[in-house]
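Chain naming follows the written order as A, B, C and D, and within any one chain the residues start at number 1.
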Amino acid sequence: MNNLLWLVPTLPLVSFLILALAGKHVSRVWVAIIGAGSVSLSAIITLIIGISFLSLPPATGNYSQTLWTWMQVGGFNPKITLFLDALSLIFVFVITFIGALIHIYSVGFMADDKDYSRFFACMNLFVFSMLLLVLADNLLLLYLGWEGVGLCSYLLIGFWYENPANGYAARKAFIITRVGDTAMAIGLFVIFYQFGTLVIPDVLAKAPILWHQGAYMATITALLLLAGGVGKSAQLPLQTWLPDAMAGPSPVSALIHAATMVTAGVYLIARMHVIFQLSPIAQMIVAVIGTATLFIAGLSALTQYDIKRVLAYSTISQIGYMFLALGVGAWTAAIFHFVIHAFFKALLFLAAGAVIEALHHEHNMFKMGGLKNKLPVIFWTFLVGSASLAALPLISAGFYSKDQILWYAWASQSGNPLLWFIALLGAFITALYTTRMMILVFWGEAKTAIGHHPGKLMTVPLIILAFFSLFAGFIELPHNFGHFTLFSNLLHQVLPETVLKAGINTELQFQVLASLSTFGGIYLAYIFYYKQPQRIEKLKQSGFAMNLYFFWFSGWGFDKLYNVLIVKPIVFIANINKNDVVDKLYQGITFVTIRLYQSLSFTQSGSLRWYVMGLVIGAIIILSIQIML
Amino acid sequence: MILVYLIGILMGGGLLALMLGQWNKNLSRWIALCALSTGFIALLFFWIDQYRTINIHLSNPWMIDYRHDWIPLFGISFHLGIDGLSLLLLVLTFFLGILAVLCSWNDVKERVGFYYFNLLWILAGISGVFMAMDLFLFYFFWEMMLIPMYFLIGIWGSENRVYAAYKFFIFTQASGLLMLLAIIGLYFIHGRNTGIYTFNYFELLGTAISPGIAFWLMLGFMIAFVVKLPIVPFHTWLPDAHSEAPTAGSLILAGLLLKTGAYGILRFVLPLFPQAARELAPWAMLFGVIGIIYGAILAYSQTDLKRLVAYTSVSHMGFVILGIFAFNELALQGVVMQLVTHAISTGALFIMAGMLKERLHTRDINHMGGLWTEMPQMGAIAMLFAMASLGLPGLGNFIAEFLILVGAFKANVLLTIIATIGLIFSAIYSLRIVQKVFLGPSERQDPVHDFSFREIMVMAALTLSIVWLGLYPQPVINTVKPMINKLEYIFPIENKNTQKENHQATPLNAHQYRVKKQE
Amino acid sequence: MKSSISIEMVMLLAGLLFVLGIAGVIIRKNIIFMLLSVEVMLNASGLAFVAAGSRWAQPDGQVMFIFILAMAAAEVSIGLALILQIYHQHKSLDIDKLKEMKG
Amino acid sequence: MSGNDFFALTPLLLLAGSSVLIMLLIAIKLSHRVIQLSSLFLFAVAFSSLFFIQKLLPYHIEPLLIMDGFSVFIMGLIIFSSLVVNILSYIYFEEKEDSPKEYYVLLFLCTLGACVLAVSKHFISLFLGLEILTVGLYALIAYLRERHHNIEAGIKYLVLAAFSSAFLLFGMALIYLQTGSMEFSMIARSLTSLQSLSPLFLTGLGMMLVGVGFKLAVVPFHMWTADVYQGAPAPVTAFIATASKGGVFAVLFRFFIMIDGFRFKVVMLILIGIAIASMIIGNLLAVQQKNVKRILAYSSIAHLGYLLVAFMPGSMMSIKAVSFYLIAYFMTTLTAFGIVTILSNKETDAEDIESYKALFWQHPVLACIFSSSLLSLAGIPLTVGFVGKFYILAAGLQAGLWVTALILVISSVIGLYYYLRIITIMFAGQKSILSEEKKANPFFYRVSIIALSVLTLLIIWLGVYPSVVISFMEYFRLK
């Protein structure tokens, strides 16, 4: 069945082509059927492939399918080859499955939009590119998918193009990720010259032979690749685009800016893990970036009033956890968190989208409230998602994945108490802002009347996602808690096992600590936002708190910093040089020529005596030269 | 003989269009179209025919060699010859020629006969440049295309056309004359060395010249080519010429005329003066990189759409010069790809700028905006070509830029990194085009119409080619391969390294990777 | 026959005359005087020819002088015709008034 | 004098006889048209006679004249340009003068003078030819005596030409004093016996250069050019620009080659200086000039500078380059002035650049002819001017004159600007300022246009296929 693999990305592509070329002439029903159907079909094929892959694993642990040779230049011959192993299988599964659910949801959500077919075309193109990204067998093809998802992200953030702010956000997203991509491209050059190939398995095979542990080139390469990942995954210092990217429709935020695209960085690092393993420094940097990001983004999430921005910062923060896991060598934990996060964050975004639509496109949480009884399905699914995000112990999937990371941050070979502590603090903050969001949206009094209720097309995907958000965690249980390792077993075909330095018997203590921090966060939010809201008012009196609030609210001032340091100078230079200073040189030449003309034409005075003078002077010059020399 | 016919059909078609255009405007349009289509189809058949055998005789890249005495006393002959590179550029010439005719179908309403006469003669000159294997003949064609281009800009251009036409002409002519000096100098040096006075390219190859003189002679050639290309301090004619020219003029300028510069460097500068070229290489690469960044920054600040696109050409041509002077197969293949894909993508942008101008009567992007609502097709296509111009993988330009950068990376790491940063800038200006023109709120009252059928045909041809080049560029690569290998042969030192690396690299493969894994 | 004046002296005289003529052309504003000065220059060169011919004892110098005379006469006749016309048009013989064409 | 001598002199005799014959025809009061046609016929006869004397070449008529390939070639050029001028003259003078018949007599005389220059190898014949030419020109320039400009140009030319002739003569006298001969080869012989150049000879040469420089209108003796070109009737200007300069240049060239003046560093230095100054100043002066005749005048200064570049090496290549460039320059200049002539009307010549506005849409043929001649002057391929310039650069570079060649290139770029300016004007706008068809004589109008078209075709044909002429020049020897 594996040779059906090419169909998985092709179906969305075909659908994209149909919708892009003939979208105008296809009725809305058919747009929905083609758009959502193609991805669903891909999901089904993925399931079939997945089952056959699991039940009858290929001898080599992977399966590749070459479609054609892209080009053949000198020693450089990248092929269009799809490469399936456990890691990419998991990603393909998440992309197609969640993608299909979000597509179905969108059929309802976008029902009234005038650019219905454009939306589905872009979404399909995105799914195609993302699949190519994770299925690519060489880095160039991966880069194709990598940039392709960037394009789709751009198109979908700016989907409602009439508002220039959306266009601005879209451009910001594209350009900032492009910064990372550029570094990654340079990384590709380095890899090509070091190994003479861009085929991922070959590179990974040669790396340990060519480079010793801690090699200088390995660090450089790893850092360049990391830069690409940082851009795409909205990690420090390139995280500023993601909150603005919420300008796009909610399903877009769910699919692209929560579930799949933003985790491409995680995929890249996991995929190229050999190179990172060769460079402890680079890995350390990954961990530090992840930790710093999860902390900073968490605090920012705490201060937002736009529900989607809360979720956006929370996404940044959760991906920070994944980076932390990657950094400490907890490869499978990172991927596990990715899967779980994809479920619950997609769920949260979709539910938030439903809320927003119900409330006449109101994004401000402080204008929501009291929706608990009015939108019961949304409430319950949102609650499940929030629980998973806050990592409510035992019953939520988020607990299992996040707890694993927290523990590895301490216990793995390259783990570090500081990293662990900040991550723990992050978990506390996560619980805090999640609860705050729940309370503001669903409890309290209703501040905005409900416009329309979500239909079945929207609620069914929510319920399915909620199911997974609750129970997906059970495929991977901690050592002291059943030690069920279906997931990591699968992944260990590709990714190495985490090396521990602490004994597994300490794990329970850490689990308790993590649970406590979660409960602490929930309780604090309960106090501040539900029980005694006056405390917030009191806090607002303090100047320091307000400054801190605004600082966090603005995403720690990164936007401003980049504006002053980079954007403004470039724009300034561009604007003062609009008329091209080089041209002045040629204008100068013209000017000189014309001045020469003017002074020379002055000598043509028309006076015969002057002409005679000229003749005589000429004669004198000639004669004197002849006599002198 | 096919080469002579190709030029003949263009020149003859031009004259016919001029004469018959006196009494029927449509007739000259059809004549031009037929002439170009005939040539195009003939070339395509020739290409397909040659393609099978092209990589069998790697040692001899030449497909046709036609020679006829012209001015024997000077050793000048009417000598045409093509190899893969010429063939490719010729195909491109005729392809863009057809599009140029189509996109000026309704655009040009006055003096139609003379217009198509000029158009076809420019193309004839350009074709001649791509075929000439005699330096005198090359210069002859090189200059011959200027006059009709001058008329095209000066008569059918927009407001500031006369200034632009002057500037174009004087820049290219001045640099061209310097090349003529160098050509004659080379002629005499070769004549004195061997006693054979000839302008024949093949005989002049390998002329022994003392390094000092060789450097100056090479500069003479270079100046003509870099002005055409253009690289940075010599680029200022380009924005004026591009923005004032009629649509077809901009298309041909950007798509073909600039390419003659790159072609010249590949065909003449490198093979004739290998040592001097090597000396120049770091500087040339530096200027290429400056061009990439400088052009991009200037492009960003422009408000005139055509001017903006013109500056993007400056930026893209920086890649060409960077790649050429990296002297390795990857970069050179990338350069050839860049020539083709830039012609298509920038040509498409210029065509769309022309269409917008026709509909809105302005080129100022501040007066546009929100056009997507009314023109979704054009918007989508513009988006596609903006993406091509910023180097999105899957479209031809990416292949070109990637290959150039990979190749250049070996030659000069630092410059390549800066050039790669240029890709960020290209994203900035490309997206600005889309944003300013098609997105945002619309302030227009009177309706504008989307593509007409003719326009769809034009854009479809361009779109298909750019996607084809992005996904399967192999035909192009194979076609120029013998020529590139020849070039590479001239610069052996730089290329020994890769050979070795590749040699080391190949034995390891995925299989070993798995073996290692199990260990 | 023994010449009593040296060639050098004659040439010096010719040179002097020539320079005198040049000065005349430059200084005088009246067209007639300018023409006269030119005649002086021509005759100076004629004198030089005669002197040179006598140095080599050839008749060529004198032949040349005859030609010069004839040519000068032709020139003067046309010149005077022009001067008449100028006077007719401008009512003046001041050469500085003839500056209609310049630039 | 033997019969052969007479035979060799046929062209000159024919020209001289023609002038007498025309005078007689005038005396019997024939109409302008008959006079014009018969002079045209006589020019044609003189021109064709050049082909009959080919088999005699080279032929010396001691001590004054020499008939060889080069001189016959120059004579051909001169007579040919007179012939073209003759064709153009009819419509020009018919509407301006009642009885412009003497004009043709003068034209024959001037042609004769120029031809004598071309064949002379002796100071006396040089002087005779020069003065026949110049005296004739005085009258021709001031021919339209009612016009202020004509008279002004006439008197300026007269005073200056006589002035420079005096220099030339004095210079000759000095050289004669030094060498004892006025025949070029004898001068050369006496120079070889000299150990070093005497100041006397150098002064003489310098003064001769002044005289010749004036006739050639090179910097710094160029200032009369624009005024005379502007003031003279357009056909006469064409004659001055071509025939008179061609003759003078030919004799200068012959003189230098025969005495081998190229070995004198000082003289060469001066010539290089003159060439460079002419190229630069000539072109600069025309940059923003608004009068087409003046533009052409300034451009002719620059072109003489170009010619000097080819002249300087004194090699075999130089002879060919100079000869070829002269062809190019003659044909191109004749065409350009031909257009000016045709477009002139009763009151004024077509000299204001604005009067060419939109010419292309009014008279496409004339505009194309003018454009191609301008482009040829600018040296753009497909025209003979390009091959000429190429030849000059080749001659210069062969001798290693890199700097001069570079300056030639740069200055010709400046030149390009003003040629383009005229072309641009012709293609600009919609309505022509020129009045509509007003030609009194459609027949001659058409003949003129046909003549110019033929010239234009020649310009292009020789631009594409110059081999014919180049192989013909293979046999030019000057020594």
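Operating definition for what follows: a residue touches a chain if its C-beta (ideal position, glycine included) is under 8 Å from a C-beta of that chain, and two chains touch if they have at least 3 such contacts.
Here the structure is a predicted model, which is why all the values come from computation and not from measurement.
Participant: Quick check: more C-beta contact pairs at B-D or at A-B?
Facilitator: More contacting C-beta pairs are found at A-B.
Participant: Where the centre of all protein Cα atoms falls, which chain's Cα centre is nearest to that point?
Facilitator: Looking at where each chain's C-alpha mean falls, the closest to the middle is B.
Participant: Please work out the Cα centroid separation of chain B and chain D, and write it as a whole number of Å.
Facilitator: Chain centroid spacing, chain B to chain D, equals 44 Å.
Participant: So, what's the distance in Å between the C-alpha centres of chain C and chain B?
Facilitator: Here chain B and chain C have centroids separated by 66 Å.
Participant: Could you work out how far the Cα centre of chain A sits from that of chain B, in whole Å?
Facilitator: Inter-chain centre distance comes to 37 Å.
Participant: Indicate the whole-number Å distance between the mean C-alpha point of chain A and the mean C-alpha point of chain C.
Facilitator: Averaging C-alpha atoms per chain gives centres 97 Å apart.
Participant: Which residue numbers or ranges of chain B touch two or more of the other chains?
Facilitator: In chain B, nothing touches at least two other chains.
Participant: Where does chain A touch two or more other chains at once, residue-wise?
Facilitator: Residues 601, 604, 606, 608, 612 of chain A touch two or more partner chains.
Participant: List, in ascending order, every residue of chain D touching at least 2 other chains.
Facilitator: In chain D, 155-156, 159, 163, 167, 226-227, 289 touch at least two other chains.
Participant: Which of the residues in chain A end up touching chain D in this complex?
Facilitator: 593-594, 596-598, 600-601, 603-604, 606, 608, 610-612, 614-615, 617-619, 621-623, 625-627, 629
Participant: Flag every residue of chain D that touches chain C in the complex, lowest number first.
Facilitator: Residues in contact with chain C: 123-124, 127-128, 131, 135, 138-139, 142, 145, 148-149, 151-156, 158-159, 162-163, 165-167, 169-170, 172-174, 176-177, 180-182, 226-227, 230-231, 289, 291, 294.
Participant: Once bound in the complex, which stretches of chain C touch chain D?
Facilitator: Listed in rising order, the residues are 7, 11, 14, 18, 21-22, 25, 31, 34-35, 38, 41-42, 44-46, 48-49, 51-53, 55-56, 58, 60-61, 63-64, 67-68, 71-72, 74-75, 78-79, 82-83, 85-86, 89, 95, 98, 100-103.
Participant: Considering the complex alone, what residue numbers of chain B touch chain D?
Facilitator: Residues 70-74, 111, 136, 139-141, 143-144, 146-147, 150-151, 154-155, 162, 165-166, 169-170, 173-174, 177-178, 180-181, 184-185, 187-188.
Participant: Write out the stretch or stretches of chain D touching chain A in their complex.
Facilitator: 155-156, 159-160, 163-164, 167, 199, 202-203, 205-207, 209-210, 213-214, 219-221, 223-224, 226-227, 265-267, 269-270, 281, 284-285, 287-289, 414
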